[in-house]
């Protein structure tokens, strides 16, 4: 079994940003993502996740390093000033690198 | 008028709203799970849309188009007159003034539904087709507000979202789609359809609304602590402007041929401020605007004010005009 | 017959289904949260099961066993005759033919419920115990289809799931369990129990169904874009085969002593195709089969066809036979 | 008495509870999504609270304070007499004895609701304001139990949670807040408010409860496999102690002026054991206590026993006393 | 405080695969898992998570390296051809290694 | 674009522990967290997540290494004996280190 290094980018943001974020994923060339509603607390206070529009979502994207870099860059430039949001990158290993 | 207010304050719906406020203020862990909120929203929008559609089928478009047009015009005009008030009276940055103006021109479906509930509970008949005004009034003010904001900020930099997206969002948002869809279905089915789905969409309606307002009280209550941040001007704005708009709406309803009940509802729509559709659109198109300002004003000031005092007030105004 | 179809097309339930299709086609963000879908499913299954159980208690098993047996036989036979049609008429791979055949032999509970709703709304009485046929018809076709597929693929390699698991899944799936459980409870409680829970399980039923079909329209509508991938043969199959099965089902109902309403419902069951239970079982036991084919045919072709046109059509056939 | 039990066992609510037990024992995948559970809980608490509040408004506090006080005293006394039984009769560690005693002094809202349902279904009138006893009986026993446990463990080490937190949790938990809030609202609105929300909070109530008990059956059934772990003493305790407490509660109800129905309900409250509020508080304040013991006894033994046999039994006792 | 290296295997797959995946976890010797519903997008299109049967789940398993390897191997052989699915491995540190 | 190393502490625990855990996060100096309900299986059997009180939650905290260490330490001492729970740490990279 061969595993291949890949990046996992995790984004936690306001649900309002959902469409904009998934659109961005397409633009930077990420294929596929996973997404679910979460509640959170951060610089903008608590977000208790009872009204979909005021809740948070967590988006997880496995992708190649260069795409991850580009994704984070555009998040920093275009999204951080606009939305309550956290984004981070970590290292994972996958089996079918061609998939991402 | 005092008795009108009292009747409202002592209704289950308003008391459950107050209970929600109390829960939020006591920092109780109480909240509704998100899918329950979504389910109640879907139910309320579909129920009121369907009922409105049946009413339209019975009334005919002939009686609706004029007040409907008035509603749209009202939606466009409110941001135009409130913008300078915010900008120069309140000394707010242009983009914030535009954002808040958009919220007050747009409407709150829950406030409208609570108002129909109030009229029903005091035995005041109303034109059910007034729901059509709710449907057409959500978007225009948002568009006007966004344009105002864009003009003001001019340097709509790299990250500008095309106006097309905003228009699409404003016109085809989930709630408008549900409302209009149910309205069309109601209009097609007419009273015969109502017989079938009435036991679900009409009979338990008041109880469902009471439960829903409990959650809305919690949501509004959480924002109360931001009141300090918005300052006295916005607080006064959030109470006075709805009263002005409410009076204008009622008068416009009378002029365009609505009855007492319908004019009250048009007043309520004019007076209400959006806190779901408008924030979504403004966040997208005027990201520089400060959400604390527009959300707190609309959700923590105007919404509770309307639910508790505004609705019976606009009704009292209407009764005065129609006397 | 045209009026039968029209009565169906203009019912709230079908119009909400159409609204869901429109929402999906317009790529609206509208969807129900999963727990709401689950809640509505549980409600519908329990309500219809309970009602059917009460009906069984009143009718006695004596009148049910024969048409019940016929329903089981029908479930086994449909995959046997549709398999060669798919294999040789449609030139589909053996495993895909078996998978699709299993789906068309099995049943769709929602289609059945919509049919009872239709009969009720046109004032046509029907045997409520027909729900028992729904319960017994879900599994046999799946088992037959899986065996057909296994025989065809022969080399059921390393990753074969034991047939026992599939049988268990087919017999004790969530929906069958709920349906049979509520049915038994209804049979034990009888009409007295109905008095107690009727205001929840019967009165609002039609409205709840309308709301549920809105979501089902969205789900079906999302599959519409796969229609190109399945080709014209499967499209025709998904419309013609239900009509044939529907006619057979109605006739079998008449032969085994059902009344007009019950025969219509047996026809609807025969005509309907599964899109929840069968895909789960087939994915497990015939993994080589292509889900796009069976899901699109059953969910995007046959399901909407039955909801809109099939149900009144099978009723028209039944009326013709019973005339 | 046999017929009282039979009437209960054959009611839809109890049969759905049994169906849930069966589902859990068959390891069916059936379960309710969490938001549905939460929605049903909110509905049941608000409905029963509102109804109780209306009843209080009609009855006046004068008739309630004495049995209410008795309920509180009962809640404090039950842990005091069950603790030595558990400690010395059952040879349980002190902290476990205290934890279990707290659970049996506190109450189960679902058991209470099922009891009102039972009384309603056999046509036995009862004082709706008895819901107030449910509200005041949840917390006292928990506090007594925690103090007992703290005294016993003495070395309440580094990780001790301040008693204040526990008191707050016990008094302002979600369910108490909802119940008391709805009760106050009901008392303010009175019968006029009931007219408005009754079609939602009263009419479908029995059906909703039946559905909810299905889920509770699943939850209780999952714990059945832990019965071995708790041993025969706790099993006997979970059946005998409720009968004793039930009889005491009924007698106390009679002494303090309740009618037959209300005394039955006070008996049910005394007999019921908490499985939501008490575990949360005990986990926090007596972490050394073994959850398997108190949860299994209260959820897998006492809860099903009360739902199936206890409720009609306490009613039979009451009928005997009032004869 | 001593932390010990361990593997976290994350699986995102169709809800249809739930029972099969949890069964596999037992077979390869993983003790414990965490699981929740997610919506996703990938090679098989969007999966919007409104019908439980058509939705995705995310399964997270902390386990020893050799179990992780075996788990990924069997996923690759038996599950990838059958289900819409993504699986990846990453490095984590836990406090009680004996637990896994 | 500069990314900065940070720790991600993930906690899966009984919902009963929610308030205690978020309180602890504040005490050790973590700013912000993300949280969602999950179902799970572990040493204490299956937790099927249909009753909120009997379900699990997953808490994710991005924080500085020293805070992560302190958090894990206190979890080990005060929470592990009391609650059904799993906690682990991993390495991530963020864009705005000052935020955490």
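The chains carry the letters A, B, C, D, E and F, assigned in the order they are written, with residues numbered from 1 in each.
Simple rule for what comes next: contacts are C-beta pairs under 8 Å (C-beta built on N, C-alpha and C of every residue); 3 or more make two chains touch, one makes a residue touch a chain.
Model, not experiment: these values are computed from the prediction.
**Student:** Shared touching chains for chain B and chain F?
**Tutor:** Correct list: A, D.
**Student:** Touching both chain B and chain C, which chains are there?
**Tutor:** D
**Student:** Give the label of the chain whose average Cα location is farthest from that of chain C.
**Tutor:** Ranked by distance of C-alpha centres from chain C, the top chain is F.
**Student:** Counting only C-alpha atoms to place each centre, which chain is farthest from chain B?
**Tutor:** E
**Student:** Could you work out how far the Cα centre of chain C sits from that of chain E, in whole Å?
**Tutor:** 33
**Student:** So, what's the distance in Å between the C-alpha centres of chain D and chain C?
**Tutor:** 42
**Student:** Hey, how far is the Cα centre of chain A from the one of chain D, in Å?
**Tutor:** 45
**Student:** Quick check: what residues of chain B touch more than one other chain, meaning two or more?
**Tutor:** In chain B, residues 29, 32-36, 38-39, 203-204 touch at least two other chains, as defined above.
**Student:** Where does chain A touch two or more other chains at once, residue-wise?
**Tutor:** 36-37, 52, 90-91 - these are the residues of chain A that touch more than one other chain.
**Student:** Once the touch criterion is applied, which pairs of chains come out as touching?
**Tutor:** Chain-chain contacts present: A-B, A-E, A-F, B-C, B-D, C-D, C-E, D-F, E-F.
**Student:** Enumerate the contact residues on chain C facing chain E in the complex.
**Tutor:** Residue positions touching the partner: 31-34, 37-38, 158-159, 161, 215, 218-219, 222, 276, 279-280, 283-284, 287.
**Student:** Can you list the residues on chain F that touch chain E in the complex?
**Tutor:** Going by the criterion above, the answer is residues 10, 12, 36-43, 56, 58, 69, 72-73, 75-76, 80, 86-91.
**Student:** Considering only the defined contacts, which chain E positions touch chain F in the complex?
**Tutor:** Within the complex, chain E touches chain F at residues 1, 3, 6, 8, 22, 31-36, 62, 90-96, 99.
**Student:** In their shared complex, at which residues does chain E touch chain C?
**Tutor:** Against chain C, chain E makes touches at 14, 16, 20, 37, 48-55, 77-78, 81-83.
**Student:** With touch defined as at the start, can you tell me which chain C residues reach chain B in the complex?
**Tutor:** 10-12, 15-16, 19, 22-23, 26, 28-30, 32-36, 39, 121, 203-208, 210-211, 214
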